[in-house]
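Structures are listed in the sections that come next.
Next, two complexes with subunit A in common: one pairs it with subunit B, the other with subunit C.
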Partner chain A sequence: MFCEKAIELIRELHRMSDGQLPAFNEDGLRQVLQEMQTLYEQNQRDVNEVKSADRADLMPSIKLRHCCLLRNQRCLTAYLYDRMLRIRALRWEYGSVLPGSVQFHMCAEELQWFSQYKKSLASFMRSLRDGGLDITQDMKPPKSLYIEVRCLKDHGELEIDDPSLCPQHFLPRWKCEQLIRQGVLEHVVS
Partner chain B sequence: MSGGLSDDGSDINQDDSQEDVMTPAELIAKLEEAWLNEKFSPELLENKSEVVECVMEQLTHMEANLQRVKKGDAKASVHHMEIDRIRFVLSSYLRSRLQKIEKFFPHVLEKEKSRGEGDPSLLSPEEFTFAKEYYANTETYLKAVALKRMPPNLQTVDMLQAVPEPCLDSFVFLRVKERQENILVEPDTDDQREYVVDLEEGSQHLMRYRTIAPLVSSGAVQLI
Partner chain C sequence: MDTQSYVSVPPGVGMGENFLSLDDILLCHERLPIRTECIFPRLGFLEKSSDMQDIPEGSKMELPLWLCKGLYERKKRVLSVELPKVYREGWRTVFNADPKVVDLHKMGPYYYGLGSQMLHFESPENPDIAQTLLQTFIGRFRRTMDSSQNAYNEDTSVLVERLDCLEKALFRSGQTGLHSFQNWEKGQASQLTASNLVLNYRKRKITDVLP
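And then the complex of A and B:
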């Protein structure tokens, strides 16, 4: 059955509805591209037959293969575009340095896209005013100046007035936002 | 503002003094209006760079003032909170816009390219650059990862067709700021007929965005 592999790729993403990025399915992509190549070559041959041997009866199968080619293209594009959107979300979630485990799931072209995207975004934020405005901060309306956070993992020294690293801190909210999103700190809501 | 008229006779300084007439409170109110409209509208609205620029100036001003206040003074934390709040609204507004620019990028660029000479622009110059870069980056990515390995007649994707357009028929809540008469409401189902409504000042409604889109850009209604 044609286009089955392409649908499988879509299903793979559909299963991870929380926006997680699964490993790049290089194998699946290759198989779909291979199927497209085969369909195209078969069509080339049949079109020649229609022209040279007047085989108009081949038209329906030519049309069918063409539809399958379009469907494969559409499914692949959807798979790649959806992954791209998930990767975009990572910039806003994790910041400009992605964790190694995430990078491992991305192919070279996706890493390139990410690198280009964060450059574009940085350039945009810089152009907003002298010194720039980091719009990836302030994701939630500020309720208070200081928030209580618990340290979940070692992150080295945080540059604040008191650099001692004890389990629980009372820190300015804006310093903590990104670290909370990265999972280094945990907001303690009492 | 000091200085005379410029050489071509256009009264640039007149505009500056008109901006000065808006108090900080009015400026922030304008920012909040723009923020809410952008948040609840399904499509990208006209850019309000003048408001954004003025708010940035305001923030810089307030931050400088904060440096001068004695540490430990109770006023300092109140001012700091206010700065944080304004920065949040501004960031949220710009984020809203960027998200829509990314979501509808081919349509946004097309609209900007095809607008008339005198029409107000949809994107600020910085947003326009960002949108073009996003388009180019996405196209390059798709070509490199798969399209170039496809049969010759399938190596391009029409972005305008592939990327969905904003749904202008989605319903929005609005509050009427200026009284409107004879607004034509399209029917939802086949057995309804179109009818007209008058929108009273101060009233709130839930309507299809498409019907009231021009009223949002004119400022006659506020999305809530």
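And then the complex of A and C:
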């Protein structure tokens, strides 16, 4: 039956229901487009035959192939759209710099889309209030200006001059929020 | 409560479909028994049992729902769709008697979805099918809701295994609500947490490395 490769692409995404981005299946995409090309050419030939040799009996087969073309188109569009939703979520969860392993899963056009989305979001945020407002901060209503955090992994030098070896720090919330979301720091609630 | 940054396109309601919904696309992949009412020239290769060049009229085959919907015409000149067993009179009586005992996951995981889509094929049994679907849902909903709101910190696989996809989605959202509420009660609602997405990526990287 036609459109088996297309449904495989959909299943690939459906398996990762938590929003993870799997590697871009360029090969799968190419196979679906190839199938569409074949179906289209077969239909062209049959349509010409209907017109020239008066073979109206070919219509059901033409209609079937057309349904397959529409189905493939639907699957590809949904595949690309769902990936776009996942990539958009990455900006809000990871921040504006994506780790290499995630970037590796995106095709060139998706990387381009991500950078344009970043720019749109940044210029929107700049336009709010004087000097801009970072709406990716304070995802939960803040209870205090300063919070207690514990360092979970080595992130290099932070922009605070805190040379002490104390593993726990008392830092302004706005500096930490991004790092907590990325799993670098841990919010300690007493 | 962790805000969801990724929200996929939800499935359509009732007889409708959402074009970009992954759930709807997978639902439409389900196969239905059909009978061809005309010849399909040059497509004999689709019918695995025959070596003929064309699909003859009167062939019994299984075609996916999306194809049946696309080809179906009211005057039945193209194909006629048979009702799958689960929606026929026999099983409808079982559902009407006691919907709570049925394993809807086994009856095809998309019981409600597929049933709603079957209504497109204008069978004379449509009013009964629609009524059974509705009553089955009403009969089972209470138990699904109760269990999703009370199963905290326990293995829910037994509760979930006999549910169809729609009920599973409801169960999941009930659980999300329960966990968020419990979090809030414990005073953890204001605690900033690492994003679930980031944690899952890290878990996956480790499993990629393991043999």
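Methods note: the second predicted complex is superposed on the first by the 183 of 190 C-alpha atoms of A that agree within 3 Å, B and C clash if a C-alpha of one lies under 4 Å from a C-alpha of the other, contacts with A are read in each partner's own complex, and residues count from 1 in each chain.
The rule is simple: a contact is a pair of C-beta atoms (placed from the backbone, for glycine too) under 8 Å apart; a residue touches a chain by one contact, two chains touch by 3 or more.
Nothing here was measured: the structure is a model prediction, and the numbers come from that model.
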Checklist line | Which of subunit B and subunit C A:K51 touches, first, second, both or neither | finding: neither
Item checked: Contacts of A:P141 with subunit B and subunit C, given as first, second, both or neither -> both
Note to self: Between subunit C and subunit B, which one touches more residues of subunit A when both complexes sit on the common chain A?
What the structure shows: C
Check: Thinking of the overlay built on chain A, is A:T77 touched by subunit B (first), by subunit C (second), by both, or by neither?
Finding: both
Notebook entry, point to check: For A:R15, is the partner it touches subunit B (first), subunit C (second), both, or none of the two (neither)?
Noted result: neither
Margin query: If we overlay the two complexes on their shared chain A, which of subunit B and subunit C does A:L64 touch? Say first, second, both or neither.
Written below: second
Checklist line | subunit A residues contacted in one complex by subunit B, in the other by subunit C | finding: 70, 77, 81, 88, 140-142
Margin query: Touching residues of subunit A toward subunit C in the complex: what are they?
Written below: 1, 3, 7, 10-11, 13-14, 17-20, 42, 46, 57-58, 60-61, 63-64, 66-68, 70-71, 74-75, 77-78, 81-82, 85-86, 88-90, 92-94, 99, 101-102, 139-143, 147, 176-177, 180-183, 186-187, 189
Notebook entry, point to check: Can you list the residues on subunit B that touch subunit A in the complex?
Noted result: 52-53, 56, 60, 77, 80-81, 84-85, 87-88, 90-92, 94-95, 98, 102, 126-127, 129-130, 133-134, 137-138, 140-142, 144-146, 149-151, 154, 157, 162
Next item on the list: Within their complex, state which residues of subunit C touch subunit A.
Entry: 3-9, 19-23, 25-26, 29, 38-43, 46, 63-64, 66-67, 70-71, 78, 187-202, 204-205
Check: Which subunit A residues qualify as touching subunit B in the complex?
Finding: 29, 33, 36-37, 40, 69-70, 73, 76-77, 80-81, 84, 88, 107, 109-110, 112-113, 116-117, 120-121, 123-124, 127-130, 133-135, 137-138, 140-142, 144-145, 173-174
